[in-house]
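In what follows, chain A forms one complex with chain B and a second complex with chain C.
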Partner chain A sequence: MDTRIAGPLLELNKAVPSFEESGLPPVPFSMKLMPGDCMVVEARSTSRATMFADLCCGLVPLDDGAVRFMGLDWADLHDRELNALRGRIGRMTRRASWPEFLNTHLAITLQQLHHTSRPLDDIVAEAARLGELFGLPGLPVLRPSMLSDVDLLRAGCVRAFLGRPRLLLLEDPLEGSPVDLQNPFLSAITDARDRGAGVIWLVRNNAIWQGYRQGITSIWRLADDGLVEIRTA
Partner chain B sequence: MSSDEIVDPTVQNDASIKRVLLHLVLPFGVLVLVVGAIAAIGLHSYRSTRAGVVALTHELLGAVQQNISQEVSDYIMPAMAGNIIASGMITHAPPQVADRVFNSYGAAMLQSVPQLQSFYLGDEDGHFRLITRGPDGKNQERTTFELHDGKQVYHREFYTDDGVKTGEEYTDATGYDPRKRPWYANTEGKTDTQWTQPYLFATARQFVMTSSLRFKGANGHTYVFATNISLNELSTFLDHLKVGKTGNAIILDSKGRVIAGRNIMQQAEAAGWDPNKMVLDPKTHPVFARGYDHYRVRGFGPRSFELNGKRYVTIASPLKNSAEGWILLLSAPESDFANFARQSSQQSLQFAGIIIVFSLVLAGFLVRQVRRSERVARKLGQQGAQIAHETAAVQQVAATPRLFDPTAEPLVLTEQLVHITDARRASIWRLLHDGAAMICEDSYDQKQDAHSGGFEMSRADLGELFETIEAGDVLTVENAATDERTRQFERLVMRELGTRMLAIYPIHGPKGIMGGLVLEDAHMAPHLLYFVDLMASIAGIRLAETADDAGTHALAAEDIPGTATSATPLPAPRYDNMLMQAPQVAGVSTSGIYPSVAVLVITFSDPVVDGEAETKSLLQLINALATDVQRISRERGLFAVEVAGHRMICMAGCTVEEDPTAIIRIADAALTMRETFMATLAAANLEPVFAMGLDYGAAFGGAVGEDPKVFNLWGQTVSLAELMAQGASDGGTIQVTDRVYQALRDRYLFRSRGSFFAPHLGLGRAYILAARR
Partner chain C sequence: MSGSSEPRNPGEERDPILEADAASHSQNRPKLTLRDWAREKLAWLGRLTRRQIRFFLIMLGASWGVIFESFRAHSWRRTVRFEFASTMRSVIGGGLIATLFAGTLTGVAAVSQTIYWLGLAGMAKMTGTILIDVVIREIAPILVGILLLGRNGMLSVTELGLLTTGGEIRSMQAQGLDPFLLLVMPRTLAFTVGGFTLGILFSFAALVTGYVISRISGVVTNPVWTFLYDVITAMSRADYLVIPLKFVTVGFVVGLGGCLTGLTATNEDNLRTLLPRGFSRGMLIVMAVSVLFSLDL
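After this line comes the complex of A and B, so read on.
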């Protein structure tokens, strides 16, 4: 069992991202994501959404303020701890993120193999189970470039949810995806939240998350004036 | 940190470099500085001492040189001064007594001045007189140059030191002319004292030189008075002179010929008794040769140089009151003077070495102490973290609503126990029926992150374990499979997870032992006992409440029709596809929608068989299970049991009117089946390879087909029951839907499994049916 942390899982405390490095508006970003929360962030620009996810991962230098994940300030950590902490994040991104030198099953399990001492069989079993959940007949073993877009999206889902991540940064996996991915995706989100994970779901339009309306904790918009809360469920 | 994570990001190692700097580099850096400072001071001290020693050496040598100059001057002075005195005496004496004056003066001087060898007196007319020592150095010999019978002869008269004539002789002196002798000739035209070149008397082994002075007598004659002075005495003096410890001195003339010095006779012999060849040989006198070279290049003064790896000091100075151009050369090894400085440096070095060794030892102690204190601080930090950890866990337990309410689930207890003790699984077992059986109230599996429970074990199976728990002792077994007391428990419960270590802590209640806390593969530290005891106490209070409640509910359970204890049993199952009782199927009266059907789906894992014997035994086992299901279904008055492949679907309440007892009967049946299955499978040494799903709600069905008619049921209730069975977290668990939970929450114990998003159904919660209350 993982310890549920008492405070916020992710906290942006007046974090001003460096405009030069990220292209995000250099205004203070403030929000708190508690364990089990699911937060929808509407961002029209996919690149901005990616940068916001980077900001949450501590990949964007800050001009001011702090970003804390599980109570740890990204800025205070050293590389070793930074990497280990990022190992607790499951992420789906629009940015090209599949290595061509690895087959998909390795690319999926690489994170767990790198960060944990779990037996390979465990990881593969979990990945296969997730693969089946997301509509794959098993773990894909071809190179990522040889998979169809939809299957790659499914594989991306498997990669993001593998290893019980504490934070899920999901850049709109449902947009343009087949309908049958929606249920497993929402099921996986619910499952992860039940375990205490926090979810940041970055979407381009409102239609996507309507089916999960009852499960959304809060809705925010990422605009030129920063992060604005629209409604709290 | 999750136990699988390799790096714990919450533990910062940034202090390591700083720590190394502070704990190792700093002390050793300071030590090196100290050592360097000591070495620098030592070097400086050595250098300044050496410079002082060199200055002192030069001063000492200067003093020695002055002393020698004085000595040489004193040595030669009688010859020089004697010439003047004698010439004055002879000049002023009447001519008749001039010979006597000469003899008297010569005799007196020879008696009192040992280095004087003889005196000559010659004049322009070729007269010559000589007074000299005897061959043995005693007595005197007076010689005059005379003409006897037209022959030139020496008239020698021998006298004692007291002036008594002891004999005389005449020897031939043909061709001798004193005016041609060097001592006479070199005074030509000069009025001051002149020195001849040294010359050697090989027979007498004397090294002699002559000083001569030309003067005019009262009678107008020109006289030359000469004094032979032996340089042997000077050499002996220099021989005995000590310059430092091993140094010595030498006197050279302006052409580098040796005048006096150590072993002068050997040198003379080596030179073939030729004074001109007595020059400094670098082979025999390397130091003096080098010193003389320095003098020739750089002039008078002290010089230092290194020769054959040894440092020497030489000093060259002119000798005043001596023959013209004489040089005194002193040499000594620098070590003679600097030895004490070296010894002092060595002592300083030894002291420095001792200080360095002490410093090293102290630095080592310091580092050791710092590391030790750091280790202790780290341990304290870890203990602090552990305390904070436990406090947080206790707070989490304390913050759990309805902690002591037996109707609420005690999930937090097992979760926190696992969390704190890092056990694979923690479970709370309650003793039932006055200790005849034990039921698992809740079991939490860390790896699966799942709760389960409801397993029941009887004393008949686990007698020794029961006794151990009832004894109230803590039981810790490293390998549960090898211990008599826990072997059966390991087979029944632990083998499923593959755990080895077992720790059982008794749960004390107001009426004695209520049950036990079971930890599998726990990393127990002594300080964790407090926490486990606390959890056991809380569990004890809960179990006591549960026991009280069970008493009040017992009667209600008995009132349920169709239960095992009911007096009026329901009709036998009407449709039983497994039993294939066609006549009963034919008796179905209604078909359509049933408002409150309870559906239990049991799924078995596909068996793996290898060989006929195994297949046979498996079929027997399946038959036994089927027989049990038949029996239990009849006992509980179920409506039908369908069997299809590795699934069984049991149903109750297929009536048009709502049947509130259907769900209770089927839940009872499910629990009984589970216990029976578990026992049967454990007896066959098999894992619990089945899962059960239960739902309750509306469904529609009816008899289908002809001869025989088969009853079948459809609807969401059936689907959900199947989903529950398929999605059961663990083998041997009964997973139920929210509706079942709502219907049975007052009668049975449930554990929440969490929220699930089911396709077409949306978010819903699933529960594990654990046990009867």
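After this line comes the complex of A and C, so read on.
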């Protein structure tokens, strides 16, 4: 599987999502995300935002058009390649994502343990460092149901940023979050972008991203008429 | 009937507007040829057949998938190995006491009675053959299958069903974690190993308990080694293949059936629909395997 290093990191080329599978409007979606870009997408509906993130991950079947990540069309890839490529995406989602049969530390590190051969100690050390950055006392080892919502949010941040992902799909982690999470979160986004990662930040509320206004490269709105660009930096 | 300009009485059965619309539609409708009619009927038959045997076909495909993937070194990543080990601990470690207890009860109820009545009838030489054919080959796989189903199979149904309906499975896919590779394959193989291990332990517990009871009651006077030797020599060559194969297959299908029932849950499913479905499918699978191996072997 040869991924492209130059060019857009993520490209939606007149991609028409299947309405039956996703509930997204069946209109062409077009946009490009370059490495280091940070794109804000305003979406009033959280379920629609999740589906848009799924579309970027190649999880939503298309009626027409293409979605390319790192130069590869999701539709052209086999299962193993699809999964390997998705292993390079860090994601925070509003959908339930903490399986109860795994303790939180395993759920956080699962993606790295599965997709890489990095030594366990390295992964744990990085996860613990990120945990401290996001305000956790360390790496939580309890079952996810034993953690508070805020701690799960922090753990979700750790999971998304762990392993230097190439693309970050972040479904509004700052909404309803404690104030002390904002600075580490923005700092982690900046670090990831400096390393060449692209960021798609899905928000419901305009006020959320104002603190990072200077860093935003483009603002889009996800509505009934599809994905509409509002402003480009 | 009232004219078109007059208001229609409420409750009147015939609506002139709808009637006129229906008449124009019936005039415009293309005539159904014999070929179209046959295709419609065939499609209906195909849909019905597919719906009825859908789970069976999924099981067949997934069985091949599990066997195929298990021989690929690349499939055995550390997360898969972890899931395999933890499921095996749960199946064997968790089911050990229950299996030994069930084996002991079978020894008391079936083995000792068989020894007693065969001795009374003067057919003590057939004890080994009867015990092998009835207890080890027929009863043990079914009881071990039911224990596996009840203890761990239903757990898989519930766990994976809730993960599927809750959206966690979709979230795992978004991280590039294939649920088949990460959950179905290791769990099915752990059940397979567990089925064999627990089956052998069950058989051993049943035979030894039956011997002890018979010895205490004075029905047999031979040492235990002689009794076990009699049982082993009563086994045919086919038994050495069929008995382990039956334990292995029961474990395999109970594990796979539980995982697939959970993963094929839809948004309309909940515990009230999942658990009875998982149990009835599991029981059918166990019985089907038992009957299949007893057919001509």
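The rule we apply is simple: the second predicted complex is superposed on the first by the 229 of 233 C-alpha atoms of A that agree within 3 Å, B and C clash if a C-alpha of one lies under 4 Å from a C-alpha of the other, contacts with A are read in each partner's own complex, and residues count from 1 in each chain.
Quick note on the criterion: a residue touches a chain if its C-beta (ideal position, glycine included) is under 8 Å from a C-beta of that chain, and two chains touch if they have at least 3 such contacts.
Bear in mind that the values here come from a model prediction, so they are computed numbers and not experimental data.
Taken together in the superposed arrangement on chain A, chain B and chain C fit without clashing. By the document's definition of touching, neither partner reaches A:47: not chain B, not chain C. Touch criterion met: A:115 reaches chain B and chain C at once.
Contact with chain B, but none with chain C, is seen for A:215 once the two complexes are overlaid on the shared chain. Of the two partner chains placed around the shared chain by superposition, chain B and chain C are both touched by A:83. After overlaying the two complexes on the shared chain, residue contacts for A:96 are found with chain C alone; chain B is out of touch.
Touch criterion met: A:72 reaches chain B, while chain C stays clear of it. Between the Cα centres of chain B and chain C, as seen from that of chain A, there is an angle of 50°, stated in steps of 10.
Touch criterion met: A:190 reaches chain B, while chain C stays clear of it. Using the contact criterion defined above for the overlaid structures, shared-chain residue A:206 touches neither chain B nor chain C, since it reaches no partner. Once you line the two complexes up on chain A, you'll see the smallest CA to CA distance from chain B to chain C is 8 Å.
For the contact definition in use here, the residues of chain A common to its chain B contact set and its chain C contact set are 82-85, 87-88, 115.
Interface residues of chain C facing chain A in the complex, by the touch rule stated above, are 77-79, 82, 159, 162-163, 166-168, 170-178, 182.
Looking at the complex, you find that chain B touches chain A at residues 2, 4-14, 392, 415, 418-419, 444, 446, 449, 754-760, 762-763.
Those residues of chain A lying in contact with chain C across their complex are 53-54, 57, 59, 79, 82-89, 91, 93, 95-101, 106, 110-111, 113-115, 120.
Those residues of chain A that touch chain B in the shared complex are 1-3, 6, 70, 72, 76-78, 80-85, 87-88, 115-118, 164, 183, 186-187, 189-191, 193-195, 214-215.
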